[in-house]
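Order of writing sets the labels: A, B and C. Residues in every chain begin at 1.
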Amino acid sequence: MRFVDEFREPELISKTAEEIRRLAGRDRHYRMMEVCGGHTHAIYRFGLKDILPENIELIHGPGCPVCVLPMGRIDDGLAIAQEPDVIFAAFGDMMRVPGTQGSPLEHKARGVDVRIVYSPSDALKLARLNPEKHVMFFAIGFETTGPSTALTMMRAKAEGIGNFSVFCNHVTIIPAIRAILDSPDMRLDAFIGPGHVSSVIGCRPYEWIAQNERKPIVVSGFEPLDMLQSIVMLLRQLRAGEAKVENQYKRVVPWEGNRAALKAMAEVFQLRPYFEWRGLGFISQSALRINDKYAKFDAEQRFEVPGIRVTDPKAAQCGEVLKGVLKPHQCKLFGRECTPEHPVGALMVSSEGSCAAYHNYEHRKAVTVSLSSIA
Amino acid sequence: MVSDFAPTRFRDPQIDMAHGAGGKASRKLVEGLFAPLLFGAAPGPLGDAAYVDFDGTAVAITTDSFVVKPLSFPGGSIGELAVNGTVNDLAVSGAKAEALVVSYVLEAGLPTPILEGEVRAMAKAARDAGVRIAAGDTKVVEHGKADQMYVTTTGIGRLLHGVNVDPRSVRVGDRILLSGPIGDHGITILLARGELDLEADLRSDTRSVLPLVESLIRAAGPGIRWMRDPTRGGAATSLNELARDCGLGMVLFEDQIPVRDTVRGACELLGLDPLHIANEGQFLAVVSPEYADAAINALCLAPGGSEAQVIGEVREQPAGTVLVTTLYGGSRILDMLVGDPLPRIC
Amino acid sequence: MCLAIPGRIVEIASDNQDSAIVDVVGVRRRIDLGLLHDDKPAPGDWVLIHVGFAMSKISEQDAADQMSTLRMLGEIDGAMREVQGYGLEDVN
């Protein structure tokens, strides 16, 4: 596969890993956060932790839009789904996420019309094909996905489609990074910047991280070589005492971002004054809502929603894991009350939340390896 | 002794689609509800078929239901699946299917030409597989109660000589073999549903694996420890079950797992893992190291086996777990899914 | 929100400039080009696809540059170490 296989070439991976070991040396411990859930997934899928030296620690950031969605929002979406003649459409990622009365798939089993879509345009297509029903698209995602939702609503408006709306949970990445850096117990040296979000917002929005917070950030692609090269670039900056924004993912990310995509978002959305992030609390100006021009397509305006806030049990230490203060297995509920089959907290809910990823890909490795070294 | 009062351990309040997907939820249902009530205490590892003894003659018996939408897809239809699926369950249990009985649940309103087409397909598949369909039953349910048709086949077969399949015989150092590329069937079905704007030149791999199993047994019979056909839940599920049943680790070499480019592309586009996708014409075998070369050679030389590969080996650690390693030293745990593989965008 | 995959544009719909078919190792998918108005791709171009939309054109030049940077890793440093081994800096 072009633009994929080249960046998985084993020889180059070994070479880059060697360079990382050389640069990392032994005298220092490096803590790097990869912000985006896609990077978390890539780290586990390609087993990258196995090739990095022990003194480089990767901390998983809050960039998993499924994980940070409060349960109350899922309940609200599913409440609308239970209105007569409503079709609830969402990405596969959402289907097993539990609300207080069950997940979308569990609701489907009870007769609610829940459909998996692979694109917001699929949801609009459903609306065209089912004029006697109302299709509500449960939108999630950071700035990577926002433009596609926006463009779909623009098309719906242009076509005069009346039976389509969006329940908007789009969030923005910069406030989340700010919340991490503002946290008093945070100790991070550098950031691996989100690749696909940056293809939309560009690299400028990260400049304050380098200039004000003095932390290097490298915008990275998702193949093993991309991530390893980004770590090389971060190490070089750290050793030279520099802090700047660099773009490793040049083949996809333009420094200025995607103007058409940003325009589409500006046309349809506006910032919510604040939004609750599961595990992180309320963050101001961190999420999008549909503006008045597109009010007809705003599910929260067309339907009554309970709007009940659901808090996670205090024992769930998601916030501390999100900020890198605790490792997943250090949370008291990990692997016991909180597992991928019965998630209690945010980070176990999606397969790329750090706890789920750790549980599925890493946990048993660590346990069995340490057992065998005792024997 | 089976008792009506045996305790059950299945706590889910209702049955969901996940319970039929062949993954963790399915296993919980079988082990927590069906096994204690139907199979009695400590039935041993649950395999694809059961062995019944008639005064010294052992036969294998198995049953399978086929619930597929659409009924017909590139490479086959429900009729072929119904025959091959049961023939294959017997084959990987070390038995040659002698006879099948079939049960149809038909939806009122099903057009006769469709039914006839499927019955013809079953007859042909049975001839091709060398098995006879001996008896059958039909029920009709109201419109809307059965996606056009559900088919169940029960097969009985005589044990093949020279092989003894038992997960408890698996040892450290054994090799894991795969008969051919994975993911073809599941992705074909996904595309055939037409919900995705995806098109590819792909066909279901449905076929009887008995001839390949027989070649394997002739070349390496005494070395065969375990076999399974990775249907729903994919190779990941079958290997996780084996790892649990024998308490050892299954280590797979990612670069040696055969996957067609189109399957790989579709999986990348949808965020799916080929190891979790259903297959209907492949099987896994664990073979002792002494017989591994003979085994893989026999498979590769047999018709339909040219893409067979050694994909991994059995190790002590990580115990009870499946590990996938990459050429450059990375590794990840390969878990069973809870339910059906869901596409992701994240 | 990051699963995006490279695909090659095979054809652009004649009745809709925003609709195109991409090919990903033989899998063909219909995608929306509406986010690439400022930089319209043509058949043969590679784009990054996310939830059925093209997000960005993939620059073959940048990809090639990146590969050669990676291949050179360690070479310049290696050459420096070799020179230092000659002890030339002790001479003055």
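Keep this in mind: a contact is a pair of C-beta atoms (placed from the backbone, for glycine too) under 8 Å apart; a residue touches a chain by one contact, two chains touch by 3 or more.
Predicted, not measured: the structure shown is a model, and the values here were computed from it.
In this assembly, B is the chain whose CA centroid lies farthest from the centroid of subunit A.
A comparison of the B-C and A-C interfaces places the larger number of contacting C-beta pairs at A-C. Remark: subunit A and subunit B have CA centroids separated by 34 Å (rounded to whole angstrom).
Centroids of subunit B and subunit C (each the mean of its C-alpha atoms) stand 39 Å apart. Once the centre of each chain is set as its mean CA position, subunit A and subunit C turn out to be 22 Å apart.
For subunit B, residues that reach two or more other chains under the stated contact definition are 196-197, 261, 264-265, 268, 271, 344-346.
The set of subunit A residues touching two or more other chains comprises 1, 4, 37-38, 41, 65, 91, 118-119, 122, 141, 145. Within subunit C, contacts with two or more other chains are made by residues 1-3, 5, 24-25, 50-52. Those residues of subunit C lying in contact with subunit A across their complex are 1-6, 8, 24-25, 32, 34-38, 46, 48, 50-53, 55-56, 58-60, 62-63, 65-67, 69-71, 73-74, 77. Across the complex, subunit B is touched by residues 1-3, 5, 7, 24-31, 49-52 of subunit C. Within the complex formed with subunit C, the residues of subunit A that make contact are 1-4, 6, 12, 15-16, 18-19, 22, 36-39, 41, 63, 65, 91, 118-122, 140-145, 147-148, 151, 155, 194-197, 199-200, 222, 225, 229, 232, 248, 250-254, 258-261, 264. Listing the residues of subunit B that touch subunit A in their complex gives 14-18, 24-25, 195-197, 249, 261, 264-265, 268, 270-271, 316-321, 323, 325-333, 335, 338-339, 342-346.
Of all residues in subunit B, those touching subunit C in their complex are 196-201, 261-262, 264-266, 268-269, 271, 344-346.
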